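Both of the next two complexes hold chain A, though its partner changes from chain B to chain C.
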Partner chain A sequence: MLSGIDYFIVIAYIVGMLLLGLYFKKFVSSSEDYFLGGKSLPFWAIGMSIVVSDIGALDFVGVSGQAYRYGIAVGNFDWVGSVPAMLLAAFIFIPYFWRGGMYTIPEYLGRRYNKSVRTIASATWILFFALDLGVLFWASAVLLNVLMGWPIWISILSTAGVVGLYTYFGGITAVIMTDVVQMIIMFIGGFALVFLSLDAVGGWENMVEKIGAMGPEYQSHFDIIRPIDTKSPFPWTGILFGLTFVMANAYMIGNQSIVQRCLTAKNEWHAKASMIFGSALKMFIPILVLFPGLMAVVVHPNLADGDQALPMMIKTILPPGLVGLMFAAFFAGLMSSVDSLLNSTATLFTKDIYEPFIKKNADDQHYLKVGQITTLVLLGLGVATAPMSSDFPGIYVAIQTFMSYFQGPLFAILLLGIFWKRSTQWGGLSALVIGIGFAIFLNVFKAGFFTIEDPFLYISWWSFLLAFIINVVVSLMTKKHTKAELDGLVFSSKILTQTSSINKTL
Partner chain B sequence: MNEAYRTTKIKTAQINQALGVFIFTFGIIITIAMVFTETFVQQMTDLFAGLVLMGIGGGMLWKSKQTLKKYKEAN
Partner chain C sequence: MLNFDWLSGISQETAKLIFFGLYFLIGALVLMLPNDYVYEGIAKEDRHWWNNLKLWSLAVLAVLASVYYQF
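Our next item is the complex of A and B:
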């Protein structure tokens, strides 16, 4: 349980976040302000926001839990699973989205392929984000339950109340700027935990020695590359093909909540720089999220649930004051992930579903209101679906499972859409639909196809490959787009050297 | 200097000011929390974390004040 000073720190943090978020209401007067921050934000804030919304609460609890169960192989998600993809996004993909004045990734797919592709992609993201919200709320409940003894529903509702209010009023400016504070708090709290945990286990070498002596199942805890026949979800083939080639790129290039942040930049230079700055920060993440899980193997060797590793470390290792700081850091990550999903889903719904299908050509204030109401509806949906997450063995794996359904096919059509002029609307549509269907099929019948515990990396790879092949085959059989239809939508080497005209005005 | 550029600069400075106040205040609270710790290592960790937060928050406040002064005077 928390001591008096820790309670005070946590309460001060929550109230402060709420006030800070509400302050940003003054910057919202149009739908562009609400969804894209008026296109006026600096790279450093966006870069921090990208990192903190990505690592959030799921990584703190989920990755620490995976490190506790499987060792450092899970660190691949933040190294090869992020940095190369972020650099690729910065130099190749972001300029197209930014110059096209887009709000969403499906908007690009709609222009490149057709309206159906845009709608399916958008609906899939909305569904994923809605389910993701439930997982995030459940993560908060796990932590609050261990640290403060709060009932599950009380913790879910209090999180929803605070985050919902500032996201509703402040839009993406509130989301990004509260992320900046949250990242600073997370880094300071995270490094403090690592420092004191290392002190508690007697240093790195002592910890390695102790874990190695615990039995044969711990022998590979320090192997970052795992063999194909490993029982963990991280065989090297899955890491290389599923994570590095597909999921990392799909996440950093095709994920609305990540790319939308870059589109809030004040100019194209800031949009690209935000990704590069974010990738530099990303390299520190495994230190913060992985090490506490490893050290928990020594300090708490018999935990029934790996996801309890981090909460238990906070509870037993940190002194008064720092427990509050670390808890605030964790809560910060959770709030950041939730507010990102809320705002991105509201953007997807308003721009890709409501505007084209329900009410065209309404005034801007109307769309602003729709975005805000959608935020509230999503909040209710996330709270209602939270208990679903309790059925999964690890919160992080639950998220990856949801994502593996559609990340591969979506990235396949995005990749071919940019790099292959011959890709047609029917190629894109059939690849997306069949690819998602195939991923669901593999997930349902995974026991018959795969031997590892959770094959989400393999599922994303095979569904990507199938979608890629289908796109190529169907495109070659259907009518190609004209040069005018593809203008500004497909790769040209000029994108690497030219600066957009909008840059020059600022 | 056009109006859009000036408005963006002022907006960024106002945002930084709000962030600076929050981070600086939080730094003070963490520094005070060292009173409740038991060992020297714990005290130093609290102190260091608090000072880093105060440094970042103070820096943001100072920079935003300079920017606001410059661009509001230019109006």
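Our next item is the complex of A and C:
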């Protein structure tokens, strides 16, 4: 349980977020305001929002736990697993999406391939996001229940009430601007823990020495590159092929909740800069989430469950006041994930399902209302499905694993869609369907195919490769798209050299 | 084959060099982008060196490379 000062900090944080989010209600008068912030936001806010949405409270605990077990190699996910992909997104993909005036990634896929690809991609994201909502509501309720002593249902309803209110009224502007404050709180709380933990272990050199002396299983704790025959899930081949080439790109280029933020930028420079600024901030994330796990090896050796590393460090290292701030940082991570899912799912449903299939050519106010109502329905769905996490404790991992099936094939069709004009609608559709099927097949029979503990990086690479090949083969056998159909959708050197004139044609 | 055992002859040191090569390649590609493209969205008279996204990218890549050099 928290002390008085911690309790005050958490309550002040929750109320402050609600008031700040509601302030942005006055900027919403159209569907573009609601889904794209009226295309008026600066790079720094978007960059901070990308980072804080990407790292949630569950990741704080999970990454610290993995660092406790496997060492610094976990940092690959935020270093090489983010920066190259974010630069590719900034300079190639985001300008296309931004100039095309798009709202969603499936919208691009629909224009480039066909309606079926758009619908499959959108429906898959909606399903995953909706399932994730329930898990996140449950996680935040458990956190409030343990630390504040609130009953579970009160905890779920208060999280849903606060996040739901400002997301419903303020749309993506409220989501991004509250994310800015949430990121600052997360960084202050995280760095406080790192500095105090470093002091507790006697400094960096001392920690490295102590961990190295703990036995052979700790000898490679500070090796960021692991050999192919490692038993950990992070061999360098998986990091290079699965993470750097596929999963990172699929996440930064194909994830609606990330890309939608960049599309709110006030101009193309801000859209590009937001990704690069975000990549700079991402480099600090391992310091916040990984280092406490490493230091816990010294302070709390022999923990049965690595996921206990971070809670134990908070309990033993932080003084009253900072515990409240760290808890607020956890809660910030959860809130930013929930508000992102709510707004992105509402955008996907309104633009990719409702507008093309249910009511075409309605006035803008109608779509604004649909977006808001969808947010409310999702909120209700998230609250109703939250207890599932208690009945099925592995559901979060299951959702994330299933999500990874989708990443490789999605990135294959995005990559060929933008770089190869010969790629056709049937190539894209068959690559997506067969690629997802192949990823599921590999996962089901992974014991027969792979030697490492959790081969999700390898599965994403091989499913990407098969989807890529299927797309090429089927495209070559089917009728190519006309030049007019591909206008503004396929990469051309003109985008680099004739920027202003291209802008006018899109 | 699916486990990349055909790459098992590559040492950790060589693997690290592959990562450095990747950062170098990305940096070189960023440098090849036309200046007008990286400033697109800012009026010509308002462009300053600190708006140059090539410099931002190279700085991020340099920090990334130094992290991999350190560990």
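Heads up, the rule we're going with is that the second predicted complex is superposed on the first by the 449 of 506 C-alpha atoms of A that agree within 3 Å, B and C clash if a C-alpha of one lies under 4 Å from a C-alpha of the other, contacts with A are read in each partner's own complex, and residues count from 1 in each chain.
Keep this in mind: a contact is a pair of C-beta atoms (placed from the backbone, for glycine too) under 8 Å apart; a residue touches a chain by one contact, two chains touch by 3 or more.
The structure displayed is predicted, hence computed values, not measured ones.
After overlaying the two complexes on the shared chain, residue contacts for A:Val433 are found with neither chain B nor chain C. In the superposition on chain A, contact of A:Leu22 is made with neither chain B nor chain C.
In the superposed model, A:Glu268 makes contact with chain C only, not with chain B. Taking chain B and chain C in turn and counting the residues of chain A each one touches, the greater count comes from C. Once chain A of one complex is fitted onto chain A of the other, the partner contacts of A:Asp199 are limited to chain B, with no touch recorded for chain C. Taken together, the two complexes place no residue of chain A in contact with both chain B and chain C. Those residues of chain A lying in contact with chain C across their complex are 72, 75, 79-80, 83-84, 87, 90-91, 95, 222-229, 235-238, 240-241, 244, 267-273, 276-277, 279-280, 283, 442, 449-452, 458, 462, 495-497, 499-500, 503.
Every residue of chain B that touches chain A in the complex is listed here, in rising order: 2, 4-5, 8, 11-12, 15, 18-19, 22-23, 25-26, 29-30, 33-34, 36-39, 41-42, 45-46, 49, 52-53, 56.
Contacts from chain C toward chain A in the complex involve residues 2-5, 7-8, 10, 12, 15-16, 18-19, 22-23, 26, 30, 33-34, 36-42, 51, 53, 56-57, 59-61, 63-64, 67-68, 71. Touching chain B in their complex are the following residues of chain A: 3-5, 8-9, 12-13, 16, 20, 23-24, 27, 38, 40-42, 45, 173, 177, 180-181, 184-185, 188-189, 192, 195-196, 199, 266, 319-322, 324-325, 505-506.
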